[in-house]
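Both of the next two complexes hold chain A, though its partner changes from chain B to chain C.
Right, the complex of A and B next:
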């Protein structure tokens, strides 16, 4: 079976990916690879990953998200997670995963606003 | 009592099937959203361990009752390599696969009862339960 590809949209210099299906491991890894490649190709300043539709984030997906944030960070790109369901956030902490270095926002709109202020703050003017 | 339902674990797709089965059963038994997420996440961890370390196995989900309290019981069985030192694998951070070593101790924290029976070269059975409040 082919792994489902998650579409990654580019708006200005921000990439937005919204995960709308239950991720199995292969499609999650595919998503990480696609996203990092797209960050490299577009030189995006920020990435927003919307997780509103995810009802389970286990250690595998949790680590993948932490890896994405760390690797994007190395390329100078900020990552903001949006839409984490309360039950998912509670479960992640109880599981033992707190994603300390990952920025989060309540929803896509707030995530975009956060990204805006982050990229302004860091003083990169649009060229 | 509803009938037990089982999922066979052979691929990473079956991990999603098993956790969805657990969540749907938990929901039908009246567990709230947070407990549903806890139960589904624990099953996701245990199913992935079967897939990674034993290759194949089974997960059975059923309703249980004790002292008038209802709950969900999840039995994970495999005939894989088994676990030599159970105390060791229950420690946060212990992994033989460069994982985070979070799956077993994390699943235990998410459930109420959690027991491992394992024999080297014969396999592993994990029985866990969550009780409805």
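Right, the complex of A and C next:
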């Protein structure tokens, strides 16, 4: 179902994806595949996934987010999750999915700032 | 023409004191409340009830009887007489009236089945109204309980609001001074309220001071750690303050991973740390508009 594909945008060498609708199993898996593929294709340094619009998660989506973070990390990409809602945060914690290697920020703005400062710190920019 | 029932009514009125003392004796033995009554009062009350019944038979009128009985019933119920005592008193009263009927008939008066049914009817009405007051008392008690339950719920809500005080001390920094015992219910309240506040205030740093929590055992520590993990997921940084030596031991024994939680000795230090953190992030914020 192509119409439910989550768009992944690129700013510099950072990828940004904003989850706007309730993720159904199929589209969630599709998103994971798309994202990992795009990271590989663009050699992105960082990925920001904005979850502001996600009201509720179940164990499937929860694990999927954890998997995406882990996989992206393995590919050498920093992952920042932004805009997690209280209810979702509580569910993830109760499910035991803490996502320890994932960075978090309150919103997309701060997420971008964080990503920026991280890239500057490590001096990865080829300039 | 005077009917049999009216004649009996008149007979009752003329012999109100016959065997009354015996009735008083029997009623006294029913239970503690009748026993506690001064004998004269009880005698007077029984005599009055008899009189009302007699009048009701003579005048073929129920209104005065039901009004009197209702008032009497409410009086007894309000004085904490039990329903069982009232029913027992009713029984004795009925037997007494039937005893009077025996004497009335021995003197040669005629007595038809119709008259008997009328008498039973009046006694039944008397009985029903005598217990009605207890039903009213029960309804009132239930209504009071409901009100108390509502008051209790309102107090609970106040406690809930007071239990997680959120102080937005500086832009991007909130302080949460926890005071009092934390059980699982309160822990959930704290977590939900805190997360909501972080989203509302868009706070980057949350300082949780547990100095005022008297007991921090493994359960409480687990709740706090859960909350800390959730706070991090939402995108804020948590600083835990007020950890005593005992609490430090508890944390280590739990083997908890505190890599994402900062801990400091006291509130002053934590505020200094928080301000420092905000200043480091400020340069980027300087060029951004306020509000999320």
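Here is the rule we go by: the second predicted complex is superposed on the first by the 123 of 127 C-alpha atoms of A that agree within 3 Å, B and C clash if a C-alpha of one lies under 4 Å from a C-alpha of the other, contacts with A are read in each partner's own complex, and residues count from 1 in each chain.
Just so we're on the same page, a residue touches a chain if its C-beta (ideal position, glycine included) is under 8 Å from a C-beta of that chain, and two chains touch if they have at least 3 such contacts.
Everything numeric here is computed off the predicted structure, so don't read it as measured data.
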Exercise for the section: Quick one: classify A:104 as touching chain B (first), chain C (second), both or neither. Expected result: second
Practice task
Mind working out whether A:81 is in touch with chain B, chain C, both or neither, as first, second, both or neither?
Solution key: second
Exercise for the section: Once the structures are superposed on A, label A:90 by its partner contacts, choosing first (chain B), second (chain C), both or neither. Expected result: both
Problem - chain B versus chain C as contact partner of A:56, first or second or both or neither - result: first
Exercise for the section: Please indicate which partner A:116 is in contact with in the superposed arrangement: first for chain B, second for chain C, both, or neither. Expected result: second
Exercise for the section: Please work out whether A:26 is in contact with chain B alone, chain C alone, both, or neither, and reply first, second, both or neither. Expected result: first
Fill in the blank from the handout: Dual-contact residues of chain A, meaning touching chain B and chain C, are 85-86, 88, 90, 94
Handout entry: chain A residues within the chain B interface of the complex
Key = 1, 22-26, 55-60, 63, 85-88, 90-91, 94-97
Fill in the blank from the handout: So, in the complex, the side of chain B touching chain A is made of residues 12-13, 15-16, 19-20, 23, 33-34, 36-38, 40-41, 44-45, 48, 92, 99-100, 102-103, 105-107, 109-110
Completion exercise
In the complex, the residues of chain A that touch chain C are 81-86, 88-90, 92-94, 98-100, 104-107, 109-111, 113, 116-117
Fill in the blank from the handout: Counting only contacts in the complex, chain C reaches chain A at residues 191-192, 195-196, 198-199, 202-204, 226, 229-236, 257, 259-260, 281, 284-285, 288, 292
